[in-house]
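Provided herewith is a single structure, encoded as structure tokens, for subsequent inquiry.
Chains here go by letter, A, B and C, matching the order in which they are written, and residues are numbered from 1 within each.
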Amino acid sequence: MNELRELARSLLASGTVKVVIGYENVEGARWPAEGPRGVRPSFVTDPAQADRLVFDSRCVQNLAAYLNPRRQHLVSIGKPAVVVKGCDARAVAGLIREGQLRREDVVLIGVRCGGVVRDPALGPGLIEEEVSDRCGGCEDREPKLFDHVVGALPPPPPSSTRRADALARLQKMTAAERWTFWKESLSRCVRCYACREICPMCFCVQCIADKNRPQWLDSSPTTRGNVAWHMTRALHQAGRCVDCLECERACPEGIPLGLLGRHVAQVVERRFGYRASADPTVPVPLGVYRTDDEEEFIV
Amino acid sequence: MSIPCTEVASAGTAFEPKVVAFVCNWCTYTGADLAGTSRLKMSPNVRIIRTPCSSRISPLFIIKAFERGADGVIVSGCHTGDCHYSTGNYYARRRFAIFRELLDFLGVDTGRVTFSWVSASEGTKWQQVVNDTASRVKALGPFNEYPAQGEVGRP
Amino acid sequence: MTRAILTESDVAKLVADLVGAGTRVIAPVPAGPDWEETEYRPIERLEEAVLDGPLPRRSLKEFFRPQQEEEGSALVPQVILGARPCDAAGAETLDNVMGWDYRDELWRARRVVTTVVSIACRRVESSCFCGAVGIAPDSTRGADAVLVPLDLAAGPPPSRRRITEQLRSWVNMFLIDSQPFPGAAELQAADEVPCAQQLPPMRWAARAVTLKGAVLLRGRGLPFTDPADLDREATVARTARDLVAKNLDTLRLRRRSERLDREAEARLGLMAADGGELIDPSLAFEEAGVRRLPQWLAQNHDHELWKTLAPRCRGCGNCSAVCSMSPCFDVDEHEVEARRHSAAKAATRGGHRSALAPHAMKTEHFRQRVMHKFSIHPRRFNEVLCTGCGRCSRSCEGGMNLPEILGQLVHLAGPEPKRIAT
């Protein structure tokens, strides 16, 4: 932690960056806590305030979302340094890959990670019931895209089979049962678009959901429109989603959006051997092709 | 395996599926045209929508078709390597692969969707694709499970 | 004023009668995988409801302004049983917005056919700050009838039914050598788990606030005769208010007023704004200083503070979706003439929704939200557009804590009210 704070202090004091985006402790009430708990994103502009920065297993938020170039109020502060876990760094790589950010316009402070909790109000000790679904099998505990790396490598996170079980349960169902499950889950969607707003990879200036000439998706939260919206978003994230699960956390209805993203990511990995990469020069799978891609489903 | 059109039409039940076919202009559309000029018997259940290339076909077209009452969808383009625009169908192939698996994951019977490569000279193949799809979708029945317009989950 | 004591069976009968008559009864029910979450949903029987649970996920606004509403959609009479006082107050405050320059008939119609029965809070979350905005855990604002629980347990007593259901769902998780543990089958079949401790039956002191409430409660329950019940009612209310006051202390929305004598004040050039009246300490609203905000906010549109607050906001719109006071809607006229909830916070989007969201910078957006709630609305309608339910803080992904921010604003807005000795 001190390493992180020192680094932040020196980056700010030297003027290398104008703001360090990291995590800080929450002061004040946060449900369902019995008192002040959890972490939240932090924006440190003054080197003297660098002690606010913390990093531990409560730091689940994906801060890459703050690098969206259309967040004018942040762009206007000046060049940022961002604290990124290995998984978050893949999101930053995605932004660079897709031309939203130039590599030299951000300083990446990688942190070595031992897994995070599902909700920032949990932890900081990491137990199987509380570990995030995405931490199992993580290959990025040592960040692969960074300017600096801080922290010692903690032990790997406890593995949780929660998500694999959920996916297996779905696969065992008949198509009709799965359809009932998804129709029920997605009909609860109120189209608040929190999932879209919070996603680092959803940065389209005009989202297809907002187009009305022609209108592709019902804008009202009808079941039909919700199914179309979530299908579309999952497809637009194919090969780009880094599985940060911010969408699932942001959803006020508790819809299991992570399952959709994970499934599409598994399909992409199986068929095209690709996983959202921390290397910005690796192209996104739907933007390239191989002449020998499988076409067993085409007659 | 081709199922002659007469079997499809005279099956006796009231349900006639609506199948929408999104086809590429250069290969499949021409192939379909050939099937027509050759007077091949094809199921009348399929309505063709012409696009410049299979790569133009967005999953949203297919979703929209289901929303608007289609019971089945056909998506067809040039064989890989023969795309009029050189590479369009390679991209389309990847996109449709993912989309199809997502549909299956959500619980849509993938028997309702057919993907094919039909070239300009393959009139009989187009006949096959059309008839097979129509009879398969007819057997699956109307796609009533797809949410209707205005249907909402909460009271 | 109608008063009665209602027992659980009285309320169960009320629900059954209402449902039988075709009225929709809405109450908090367990929601989500975590038993600690509830939401307002229609029920058929009282057993489905959790009347002593945590604050429901979303407010009541969806029962007056549904997520999607078509012109000419049918109206069903509704009774909301177990509304939290903050949510009931929210609905009434929104009547201002929905009826001042344009009379929103859809809203009005639903308000007319709905009877709100709120239950005074026994359980106060750590994010509740209703006291700071003029509401209390036993507020009657917006309610047609209020039920005050008459038993003050150390915490809300878990309902036996809930324990039973919870255990039943867990039974399958506990296997010994891949076999269910002994007694599992019996547990599965049991209607109710035998409890070592006898839980007291729930009782409420019911009070009608409006004619609609009186009609609903007519003939129900037993007369209020035991003076000890009056004490119990007062104790529950006071305890909850104290819990909220403690929250306000934690959130720094209430400060101990320093006592200065008049001479010292004259020396320091300070005078109590109100001319030196004694301020009743139980009026948390006054001490919270939120009343000073409308003026200060109007004058400090460009304060530096906004720039420091806004960065964490990612525009997800959760706050607006769960807010009991945010009725903003879009009208969608494409295939179905309908209106739906809209959170005009997505400033990164172009097109349709950005026409409603002209703020290019999140700074303006966040400021607008605070201004609307604590300056613009109060200056027009003389009440803040906030019930202190705390949902926004709980759902915020960026950790924006509205009561904490209010505390900062109040601090900036000026000196605390001074208590002058008389």
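We take it that contacts are C-beta pairs under 8 Å (C-beta built on N, C-alpha and C of every residue); 3 or more make two chains touch, one makes a residue touch a chain.
In this text the structure is predicted, and so the values were computed from the model without any measurement.
Of the two chain pairs considered here, A-B and A-C, the higher C-beta contact count falls to A-C.
With centres computed from CA atoms alone, A is the chain lying nearest the middle of all the protein shown. Note on chain placement: the centre of subunit B and the centre of subunit C lie 51 Å apart, centres being C-alpha means. Distance from the subunit A centre to the subunit B centre is 36 Å, each centre being the mean of its Cα atoms.
Subunit A and subunit C have Cα centroids lying 31 Å from one another. Residue numbers of subunit A whose C-beta contacts span two or more other chains: 221-222.
Contacts with at least two other chains are made by residues 149-150, 152, 154 of subunit B. Residues of subunit C in contact with two or more other chains: 67-68, 335-336, 338. By the touch rule above, subunit A contacts subunit B in their complex via residues 170, 173, 175-184, 186-188, 208, 216-217, 221-224, 226-228, 231-232, 234-235, 238, 260, 263-264, 267-268, 271-272, 285-287, 289-291, 293-295, 297-299. Of all residues in subunit B, only 59-60, 63-64, 67, 80-81, 87, 90-91, 93-110, 114-117, 129, 145-154 touch subunit A in the complex they form.
Listed in rising order, the residues of subunit C touching subunit A in the complex are 31-33, 36, 54, 57-58, 67-68, 125-127, 247, 250-251, 307-308, 310-312, 314-318, 320-322, 330, 332, 334-336, 338-341, 343, 345-354, 360-363, 390, 393-395, 397-399, 401, 403-404. Interface residues of subunit A, counted against subunit C in their complex, comprise 19, 21, 26-36, 38-43, 61, 65-66, 68, 70-74, 76-77, 120, 190-194, 196-198, 203-207, 210-212, 215, 218-222, 246, 249-250, 252, 254.
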